[in-house]
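One structure, pasted below without further comment.
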Amino acid sequence: MSRLAITPRNRFSIMDFGPYLLLASLEGLVTAAILALTALGLSLVFGVMRVVNVAHGEFFMLGAMLTWAFTSLFLGYPVLGFALAMIGSPLIVGIIALVAERLVLRRLHYDPEATIVATIGMLYIIQQLALSFYGPEARAVIAPVTFRIQFPWFGYAGYKLLVVGISIFLLLATWFVITHTRVGLMMRATQYDRETAQAFSIPVDRVYAGVFAAGAMLAAIAAVLIVPIQQAHYLMGLDPLLLSFIVVIIGGLGSLKGTMLAALFIGMSDGMISVFFSPTLAKILATLLVALVLVYRPQGLFGEVSR
Amino acid sequence: MIGRTESTRVVGLHGAILTALFLLQFILPAYHHGMLTRIMVLATYAIGYNILFGYTGLLSLGHAMFFAAGLYGAGLTVYHLAWPVLLGFVSGVLSGFILAVMIGFLALRTVGVAFMIVTMMFAQAFYLLTLYYADYTRGDEGFVLTQNMRRLALGEWTFNLADPIIRYNAALLLLSICLIACLLLVHSSRGRVLVAIRENEERATMLGYNTFANKLMAMLMSGMMCAAAGAAYGLLFGYVGSTFASIHYSISPLLWVLLGGAATTLGPLLGTLCMFYLVDISSGYTSAYLLFVGLILVLLIVCFPKGILGTIRERRLTWLP
Amino acid sequence: MAAVTPLLSTHGVSRYFGGLVAVDHVNFEVLPREIRALIGPNGAGKTTLVNLICGRLAPSSGTVYFEGEEITHHPAHIRVGKGIAYTFQITSIFGNLSCADNVALAAQRALTRATGRHKPRNYRRTTLSASITEALDRVGLADRAQLQAASLSYGHQRLLEVAMGLALQPKLLILDEPTQGLSDGEIEHFCNLVKTVATEATILLIEHNMPVVMALANRITVLHHGAILAEGTPEEIRANTAVQKAYLGANGGEEGRVDY
């Protein structure tokens, strides 16, 4: 996520603090929005399938790379390219996820430990393929809209606010699908009790495949949104992966509400701490917090104790 | 339960391999000589990992922190405090022990996936700490231990650890000690208890075993061995840097052990050897050699979860430890 | 009653799961060398009570004593070390290991307790071997010692569990529904086995199979809704109307029907 590059710290006075805070908050909001989408994907997969997908960050990275590919096809028409990317990127990533699920995860019978090892392998494969095809340089993408909102103290990229808006919309849409549609009901039934769901002739295998693909697509679409702000790079998947982990574990594996709140909290505080203190320190604190939560309160803040 | 003839076969096999490694140094060309030295030190790391993963059934994704604890424990004391080599090595192993105690009391409260994530998080925090205190550790860039610092003084003799021959034999000595220690553990009643915990922890408890104490012991042994490997790596090759604490170095021993065969004494050595040469050969062709690492990892876990020696043991040579 | 110190006693022991009272202020005693049966309808709290005794669960209130010593807060593995052995209701063995290795794990624990660590290696090895063979012999699995435990039939796996319990050389052996899933012949063999074991150890038996209970038990305790409904000899229990209503009678059991 982009950091402030304006006023050096030793120059700010009381008068500067307010605007600084506002800027940090806005940045934090953008981080939280993207993080919420990404973490939601990871949370769904864990909630329904009870497996951890370590390659989740690579789906994110793929989404970003594909966005660059789409937009570079339509260099003169950023809006068109971007719109295509918003549809095409998640679609392609979803298909790749389906293939991976069928070829690998299913054959492991979703054994949790084996799946983690297998997805680590997938991480290497996807990452290195991206390196081979797209090279090691960072790729920039122009934002589809370039208007700026003028605050009294600074100008702010309107696109970033658009990102927040779209994220909120997508989050609400996902929430709606999960809680108010038949597909969502099947997902929740499978999450709650796999065997009983099967007894009620819910096609558990297909639900699993669908959920895995959906998780990957959420990560991909989050990446599509972030790429104009942050460039696409073959190593960019690691940070979102770790942050999503942190969010999902603290919020409670499988709990939608917990994931949202944790994403907000982590996104905002990561932004703040990184602005006012060292980003490394922020990460150290975050990782230690996750470890301790897992040790002492494994269900996170809102999750249920696993059955 | 091991009988007399099996015992002799096992000892014979291990003795033969260690002897072969000793003799190889006289015929290997310089490049492979150096490679094998590196492989032997890292195989020790893998053996330490195998004690916790293969025999006790605890999959840690954060073992790089133990390796790095040894590396920095030795490196920092030798570099900043001008400690002699032997003392530096001991402080490296001790660092691993202390870290293993701390991590053990926290992480062993969890099992399965939670354990994997907890260890990964602690290791990540450790890695970030080495970056944060870059004033001492020089972070990613790392620091170099000069030849002068790496002179091992034993009584009247001084060994220059930068010398390839000394290095090779030091690595071989380390590997031998750890391999034999592992073998002794596996054949002891303690080793059987660890396997019992791996197979059915609840049953082990109801047979009267304090599973927490046993798991902690396994973690301490594993941590110390991995730290010894890290300390040796720093002292023998003269470079200490943050990359050795990164998640890649946590995944590597898992990969080596899976490839060679988890829960076999010689599997880690075989796996490290194979993987090293695979990477060596494939990086000659492409910079994306990690692709092969990924493919092998997936192939192993889906089709050959027992690894090379594990599958051999299952199909034919049931006496392999 | 004779003033014999009970081997095991519970005083006001209770266990709650949220709002559910699984065990309700139970005062329960087992005397040395007896075969005690614990019966009751499903959900009566038998397994919960036994879990409180062997340490797999901690009581919500009350105390547990074993050989005069309070063990209420002792973890399970310490209680096993003191002489309480438990065979699982759902068979829990080391499937990937051989039968001999399964029993070895139990036997080596008992050996360590009995002889300490200071005996020479050969002594321990031969004594261990002997214990394993003896335990497997008694249950009739001696010829299957090298087979992988998971490959045994269900009935034989239950026998292996008993062998492991025996190899611990316990003072109190708790058998949780041991005959479930066994054929008639296997049940008969099992009853004979229990009778011989009872000469060396005290047995607490949870069972649903009434003929087995009547044949083996010296005394029977009936549990209902987490509390003791009745206690006594098999004849007394058979004649007890409250028990009949709650358990025997409700099942239409031919065994204890008294017409009045």
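The first chain written gets the first letter, and so on, giving A, B and C; residue counts start at 1 in each chain.
Here, a residue touches a chain if its C-beta (ideal position, glycine included) is under 8 Å from a C-beta of that chain, and two chains touch if they have at least 3 such contacts.
Predicted model, so just to flag it, every value in this text is computed and none were measured.
Chemist: Suppose chain A were gone and every other chain stayed put; which groups of chains would still be connected through touching?
Modeler: Take away chain A: still one piece.
Chemist: Centre of all protein Cα atoms: which chain's centre is nearest to it?
Modeler: B
Chemist: Name the chain pair with more contacting C-beta pairs, choosing from A-B and B-C.
Modeler: A-B
Chemist: From the centre of chain B, which chain's CA centre is farthest?
Modeler: C
Chemist: Report the inter-centroid distance (CA atoms only) between chain A and chain C in whole Å.
Modeler: Each chain reduced to its C-alpha mean, chain A and chain C end up 52 Å apart.
Chemist: Any idea how many Å lie between the Cα centroids of chain A and chain B?
Modeler: Using C-alpha averages as centres, the distance is 34 Å.
Chemist: Roughly how far is chain B from chain C, going centre to centre by Cα mean, in whole Å?
Modeler: 44
Chemist: Touching chain C in the complex: which residues of chain B?
Modeler: 1, 189, 192-193, 195-196, 199-200, 202-211
Chemist: Within their complex, state which residues of chain A touch chain B.
Modeler: Interface residues on chain A, with respect to chain B: 52, 104, 107-108, 112-114, 116-118, 120-129, 131-132, 242, 245, 249, 278, 280-281, 283-284, 287-288, 290-292, 294-296, 298.
Chemist: Can you name the residues of chain C that touch chain B in the complex?
Modeler: The contact residues of chain C facing chain B are 54, 56, 75-78, 80-81, 85-86, 88, 92-97, 100-101, 104-106, 108-109, 112-113, 128-129, 164, 168.
Chemist: Taking the complex as given, what residues does chain B use to touch chain A?
Modeler: Listed in rising order, the residues of chain B that touch chain A are 59, 61, 106-107, 109-110, 112-114, 116-118, 121-122, 124-125, 128-129, 131-132, 251, 254, 258, 286-291, 293-298, 301-302, 305.
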